[in-house]
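In what follows, a single structure is set out as structure tokens and then discussed.
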């Protein structure tokens, strides 16, 4: 007996149970449901599969290496500081060819500074004074250049002067440049070598043409369609592609982003995985205030004279910072995401059916009728009446059930 | 005929099919199911829509540019190295105002080093020796300062000495500083200019107040609520906001992270997209070992004397590294994620119903009854008995079906 | 009356409605459905829970700080430039111990350059000339070293010469090194201190052993299993672990990525959260062209003589760039993702049922029969015949319904 029961249970486990459906011959909701179904199928095929490539296993953690190298020289000749020859070893900061590099396009040089006493600049609010008491000895000037000596230097008794400070003298002339001294930086070229690697797929590529022709890279220049694998860019082009003017930007400095994108569909093959460059100015040019626009900083070169005393040259340099950002995504067919995406899409159908049910059961004229059909009442009753009675009254369709009962009750009497 | 059949098929395609439901008048499971439904609706509305803003298309690939500038000077005067004036061009490394910058707060200077022969430091294990044989000529000292000359220098015959090395002499005094020489670095200020751009939405903003008042930025100071758009910070504040003490950190160095977050709801408008600053110490202060705490490195300045021979000054500098990290997320209403999120949420309802079914069918007293109601048997039989018989016995409710058969069989006879 | 109706409605809200199922005694589809169910349960448990730890709240925004320090000295002695002693302060660029650092392994030194007139290199295509007219005065040589003076320097009348340029003279000898001068850099060691912090969980850890033994870090060396918490690496090991040869790479330079991964299951405890190191060469070694392989750049040291004139030493340095990349992910049990993941998984069952339905209803022999069972027809008719007739004919099962009608119609007459 127990054996039969277990066997029965075991067999019944493999009975397939499928939802019972009621066919509502309502064309409005029927069409609505088909539209919803088509929308979901369209979403699965069009969006998930074609657009988002949901059948692929994707990797976004790209390993990347960028090496940059600048070429070009420029001669500057100002009455203040004489002749300067600027090569890449001078105008690229830092010189090691990283992903972020700064090109000097303008500068103010203050040579032969020595430690000593001189007057603070008039541009520093904390350095202004009317009497010696304003210049507390030993205090450093806030946002200034040195430490106060305690004396107030002024032209005449009633004027406003500035504190005497212990600093590197002479102090830098705070004069805004009128035009960029390294105008020719527009023609400098930058060579951007970018290697990428997708470790999960063991795929690696570079943005540099694989050629044995040594002179190719000495003469070529990047062109989107003609020479996409010659990553040599003119600085002027980089700036103009970002929608700005090089000479204007060179004056006060700025920041340009170079975005290299690798969207690789590895199902298609090696040659279909290409870098895509885009360029954008990263700092908003606000004409509002001079302090918030441009990009500049200072650096120094230290020397010692025969007596062993230090002196230095101070450079305030203006220029353009280039940020190279590499993004990448690779995808390759994989059965797991394919199945999961199809499944999830189909699961959405349930939501569509739920929505159509709401319309059918509550927004149609004959909603009550459909509700009666859809919902079958089950209540555990102990009435004598037999099987029919176990399916008793839902408050909604009491009348109809009564009719049914009459039918069955009456039949024997006929 | 074929035409009618096709028409019929075509029409039946637009019949709406809806699941047939059995109403189980079981209040326990009914309440449970409503609770599950409410939880799912609450999850969709509260979590997906209000908290995660699931009705928005979001972009996380923010384009950002950070420019930093330090202000402040400090005078140091030690018996060893004389007077030094430290300006931003000296104490900020690297000087170009990047997102990661290091501020010198303490230093050990070793001036006038020249290539020559001197004794290795006693602190280097590999440099210790008892006899000349311990100092193999030409070997470089592991983790040391130079190359062994082959001689062991010691005070007397039985003591342990150190190898003579060819190095930049004199060797740096390995003395831990007792208090930071640039104590006043606490009052230095850093100006952090941050531009962001969300390329997909064409939205850009900066953390700097747009003002034409040139002197505003010379006097203002960041305050979370009063001056959120004056990004000028006192170094001492930055450290104390991260929960540490500047003077303590300045002695041996450390690392501070400045996190700028832009969480922008672009449905709300430009003025609702504001930067949020947070500060954290990135290195755990472990008192355990001296080698693992703090932050220091060495750099040199090279000079040449009249004879053309090189000499140098070696600086071992301790200080605080600031890492500025910019994160951002922007969202804007979009119909596609809205629909997908509603759909996915509703699809979850199926899981809730599945769970309640389990409770109803296997954990209630009257489970057997409900199972009979829920599952209707369909078996393709060839019995003569007519329609009723095609719905034959599930092992579970054989008795009942028998009753039913008796009823229908008997009725005509009554 | 209205009250009763409301009460009734209120009570009926808590009636549980469950789908009515038809049991199809079809073992093939039954087995298929069980397989699908098992696959989904396996996917939920195996993939979502065990593999992806879907019961955890995860955080990927790791806060990290990396400090690096190199140790080791090397002596170079070439006939050209004499004796050099290279310490970390010289061969590490930049010196401040960042996540990206460059180690010089080879160099070409050009000492005592002064501004003046000399001949351009023959390697620069734009510098070649046949007559003075080829050297337009004031033009800078494209990808060259200086500005043309207007004269063409050549050995004899018919040969090709190079333009005379105003540049830092003498010009660097463009000679490829034959073997790395800093061969011994292979034995230099790098100490990598990495602190991480997961702000949401308030968890922080470092890759450095917490010990009070000061000499431990002076003698230990990283070993994956024996000394995982001694982050001191030999440069030669780093390169060989990435699958390359140090001496070969040292000649022309290259780029190595050091990936530190922290995958922390915070349910398991502090000691189970360990760093995992991996190493990869980031630049593909392409033997194709000399310009695209290797890594080199130039830097200078400026001096002034007694007369105040500048001269400089130019270094072209070759070497290896190390990029330290830290990734991390921490997970901790949380009830919300647990429920959502279970729910989503169960919702997938609907898709499985949908698929099995398709098989049952359209691919089985007795499909028509199952379709008749599954779909119950509901059409709002106004016929007198009573309840049975409201369930009218689906075109598919007209015959059967007829049989049923005969049965009920006939019964009273019997």
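The chains carry the letters A, B and C, assigned in the order they are written, with residues numbered from 1 in each.
Going forward, a residue touches a chain if its C-beta (ideal position, glycine included) is under 8 Å from a C-beta of that chain, and two chains touch if they have at least 3 such contacts.
Values in this document were obtained by computation on a predicted structure and should not be read as measured data.
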Is the contact between chain B and chain C built from the same residue numbers on each copy (over half shared) or from different ones (under half shared)?
different
Compute the rotation angle for the C-alpha superposition of chain A onto chain C, expressed as a multiple of 5 degrees.
120
If you average the CA atoms of chain B and of chain C, how far apart do the two points sit, in angstrom?
15
Shared-interface residues of chain A (touching two or more other chains) are 17, 19-25, 94, 303, 306, 344, 347, 350, 370, 373-376, 394, 411
Residue numbers of chain B touching chain C in their complex, please.
8, 12, 17, 19-27, 29-34, 40, 43, 47, 93-94, 100, 102, 115, 124-125, 140-147, 166-168, 255, 257, 259, 280, 282-284, 286, 288-292, 295, 297-300, 302-304, 306, 308, 314, 321, 323, 325, 327, 344, 347-348, 350-357, 360, 370, 373-380, 386-388, 394, 408, 411-413
Okay, in this complex, where on chain A does chain C touch?
11, 13-25, 61, 63-65, 67, 69, 71-75, 83, 85, 87-90, 94-98, 112, 184, 187, 189, 193, 195, 197, 199, 204-206, 208, 210-219, 301, 303, 305-306, 336, 340, 342-347, 349-350, 366, 369-370, 373-376, 394-396, 400, 403-404, 407, 410-411, 414
